[in-house]
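Notes follow once the structure below has been shown.
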């Protein structure tokens, strides 16, 4: 059965989704979803172990060998991302039952879980596949599910946000489709591995250049790289809390994964970094993103908006690391994928707990919460510190490597700017801290209880992970390093 | 054009035109699909949406300059990209040299189907098609999540279909014609479903046609009548069953010792196995597509009852 | 022989029209119409790639040795389905937005949102 | 001795952190809670003294923890400078705990459990800083110290506290993230190691421009050393309860800053390299300016704690100057000054707190004639002032002497003048306070009836530290030996 694991990673959530539709009771559907997602997590853990131990796993869908059939090709990079996606999804799901009880009408609970599983399956499918067109199909599964999930938000603005996301997302996906078409046109293949071998021959053609440009722009739309981030803040702010937590932690990460996959594996380093002025463009956009988005975050009145802008800024960090173009730089990006997923899921889930109790995420409503919801607020503070990059949290580890990479490359202005950017994080995190701990609760708000355990347990699992992986970085650093090295063709 | 009705009709014509273009380009399967989708279903959905939201556009344009810049950059880049492409129709382009030849030469032996598109669709790249079914399923679930009338309004549902009210009261001939037509359409759908192995067609097209029959029935006889005939939960579950059938075939092949969706292991003879597998998954596709289309249509038009 | 690419250029023009509609028009349904045109243009682009001069549709028959490339056809079949799925979802959203805001014009929706903030 | 020295080393860091748990658990019973605190502080001091004995016997004590990031380990080792700092901090923690019991109770402060808990974490991280065997470990505990003291600074929870806390955290975290971290990583990139090594980690042919730039980053980055213009956090932190100001902002936090500066100068750069760097001179003048300007500002302050805070800024400048002089006398002087100033300044803060609790006065102008009601406090204030100024019979004499020697050795005449002028200014802003308290009549319009001496625990505490100032004059040997050993290792 072990050799079938790659298929299982996708079909588990994928087939669970229609099965889940048969379940009427919300509780049952929830349990079912948690189990499905948990099993997926187990599968991805096993996959990661296998890959680390014995190298790339190839799985041929339908028994047709590539490039004729679709193959799954799991190397260290996607095994790592798989683990991020499936584990975060599982932990966040733990809170789902409590959370959607208040946010989503009863008769849509089953649908919610179906869509959730579809979205998860789509993301995993994107990550695991070794076929360029298959990426597009699964990207659309996850995106369509995500649009619907966002639209389930209580506020009517959720609808508008979902619509905007749909338009932007579809344009992005179509761009990717054009890019894939152009690549196919020049090479005659859709298999990533095959592409990477056939592209260098035609690398100097204008068509390949255009293909690259379309794919990168399309993926960047999904990544929400500044200035293509406009869809993100509202989508995160108005989606149901659980959805925000899981999307913030996984969907942009998967898009960043795609960016790495296309840039490093398919087009190859020599093409991406010498033929195309990618490095300069990305480093500028990344830094602009960090500063523009962080500054915007400071002025937000809604905490969900605040953290959404912060996500855009954090994506900037990933892009900067990636554009440095060294193993350390890529490693910093990969680490930040993992670390940022941990921080943001913890933060958004904790915000979900706040929403659950006070029904709002306005900063003004946070006043006095430090005393009323001590555990939830402590989690937000811990997540915030991680966001700033304080030592002993995961945020520090990724910042360390990012600055290290910049300095190793002699890009000291970038290092300085990256560090200055985290000071902006300090400002926006501290606005929340001060509101929660230094102000009396606003008049007219009754007694507020601590969040229910349904929230506290997953939130604290994530916060603990934030601290644990900030202190013991063996797992994340080793895997990220191995993945980065393999992408650079260095044998570890 | 400010009249959205006209816009949608133009879009339908555009769909039909591109379908005929596909025929010219030798892509008969695609043409079939585009005709049923581009000219059929999507026009229908848009029309329903237009009736629900209002026919006239405001006419204000947003950031036209900005849009133009973006559009021209994109277009320019594409033109730039095409410059190094192989010429249109040339047989020695890379795509005709690599990968595709195997489909053309060996698919008959490997899958036993004369329609190469079907064998690639259902077998070689069967997983893509599985993904496609899931996409449709997702869309169905999404529309359900968005448009289901539920506890949001506690009012008892009024079973009146005002859009089509006039139609089915007055057009007697239409009703009779429809009654005669529907069995034929259903039959045709079944034909397309099972003939896909040999000629153009397959689960997707069949599903759309099947759905068209039901939609036609609903349009002419009214939604409430249609609802009485067709259980909505049934369709919801049917869409899931379609996906499960497809996936189930994969799982069975998994259990039989092959890879996921490896039809060779379904029967003793690989070609027979392929045949069986493709038949089953096409049926799964048909189920899901038809039921999702029906779900989508019913939810759109059902929305009208609650302004 | 630059004319050998004319087919692609028509596609590009179609794409540009579609994209322009998506960006420049405020009406939500029109945006989706634009999106459809944009996507259909991409479909045409793929199908054009598959065409081989003098070949026939890729359904095996006696006496024919040259077929058009079936792979892009398969891809586009999938893409069409994805397209209709997106359109359906987009329209559903537009309908809900109309119910929630009483309008499907981008400007009016933005204004209402700004007032709320 | 049951425990090995290694175990003690680890426990001296972990114990205060564990005590936090006990303190929180005992939160409902103030007596138990404070007993836990005092017990911990005593045990901690016992450990540190044992470690000191071990060090004197020439034992090599070091501990490796796990690798936080591959290549970068949390590890600890004992060397004389860290020992000196640890001795001072752990001893004064006992005293401060005694003092705070009196202070906090009679002041009816809220959230005392949080107060003691954060205090314990802060001390734990100070121990971590003192014993850190590499820059990385030091940096981590440095940041933990900043964060754990934030709730102490903002203890009052008022708008003023919030503002103070904002400046406190803003400056300390910003400088440490933007400059210190950058300096650490640059050092790592340039030299390939972050371990503290006698003589420095850079090899001889390092680019002096780069090293000079790193030095600037360090000196600016270590915001806790309060070199102007990054000193604003210290006066801002004075909104904290007095025991916090006393221990943290006269001893633990600020000394952690100058300790880090010293450590970096001696063990990362090495005094040989330091003396040839192009930026050292500039930084020396900056530190000298900081000494003078802070003294001048201190004279303007009427609020006693604010005046003491600026005085601290000025005295921290002395330590930085000593470190940057890159001479042996300079290093000895500044390390001794860490201890001498600690005893002097903590006494002064204790007095300020005692006056606040007993007479509810915080402005200097209202303290005339207070000597009659609070003779012990005011006498202690007088002696501690002498120590800060650096005149016999107090410990401050020695450190200032060595610092002047250092400037002499390095032939930095301007700095020498600056240090001496500043000492004169010390007299001008410190001595008038006890003088007026004893010799001016009570001219304040409001009655002082009922004003008595401070609560007993507070009095005991401030007497002990005053005694410390005096004892260190006659018996500075242990300190001197430790300071001398720094460069010998």
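Labels for the chains are A, B, C and D, by order of writing; each one numbers its residues from 1.
As a convention for this text, a contact is a pair of C-beta atoms (placed from the backbone, for glycine too) under 8 Å apart; a residue touches a chain by one contact, two chains touch by 3 or more.
Predicted model only: the values in this text are computed from it and were never measured.
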*Quick one: which chains contact chain B and chain C both?*
A
_I want to compare two interfaces, A-B and A-D. Which one has more contacting C-beta pairs?_
A-B
*asked:* Measuring centre to centre with CA averages, how many angstrom lie between chain A and chain B?
replied: 31
_So the centre of each chain is just the mean of its C-alpha atoms; given that, what is the distance between chain B and chain D in Å?_
74
*Rounded to the nearest whole Å, what is the centre-to-centre distance of chain C and chain D, using the mean of the C-alpha atoms as each centre?*
69
*asked:* So the centre of each chain is just the mean of its C-alpha atoms; given that, what is the distance between chain A and chain D in Å?
replied: 44
*Spell out, as numbers or ranges, the residues of chain C touching 2 or more other chains.*
15, 19, 28, 49, 71-72, 75, 78, 82, 85-86, 89, 93-94, 96
*Mind pulling the chain D residues that touch 2 or more other chains?*
none
_Multi-chain contact sites of chain A, meaning residues that touch two or more partners_ = 133, 137, 140, 144, 147-148, 151, 178, 184-185, 190
*Which pairs of chains touch one another in this structure?*
A-B, A-C, A-D, B-C
*Which chain B residues qualify as touching chain C in the complex?*
4, 7-8, 11, 14-15, 18, 21-22, 25-30, 33-34, 37-38, 41-42, 45-46, 48-50, 52-54, 57-58, 60-64, 66-68, 70-72, 74-75, 78-79, 82-83, 85, 87-91, 93, 95-96, 99-100, 103-104, 107-108, 114-117, 120-121, 125, 128-129, 131-132, 135-136, 138-139, 142-143, 146-147, 198-200, 204, 289, 296, 299-300, 303
*Of chain B, residues touching chain A in the complex*: 77-78, 80-86, 93-100, 102-103, 123-128, 130-132, 134-135, 137-139, 141-142, 144-146, 148, 150-152, 236-237, 239-241, 243-244, 247, 250-251, 254, 258-265
_Under the definition above, what is the set of chain C residues touching chain A in their complex?_
15, 19, 22, 28, 31, 35, 38-39, 42, 45-46, 49, 71-72, 75, 78-79, 82, 85-86, 89-90, 93-94, 96-97, 100-101, 109, 113, 116-117
*Sort out for me which residues of chain D touch chain A in the complex.*
66-70, 139-140, 143-144, 147, 154, 157, 159, 161-162, 166, 169-170, 173-174, 177-178, 181-182, 185-186, 188-189
*Contacting residues of chain A [partner chain B, same complex]*: 4, 7, 11, 14-15, 17-19, 21-22, 59-64, 67-70, 105-108, 111-112, 114-115, 118, 121-122, 125, 131, 133-134, 137-138, 140-141, 144-145, 147-148, 151-152, 178, 182, 184-190, 198, 202, 205-211, 213-214
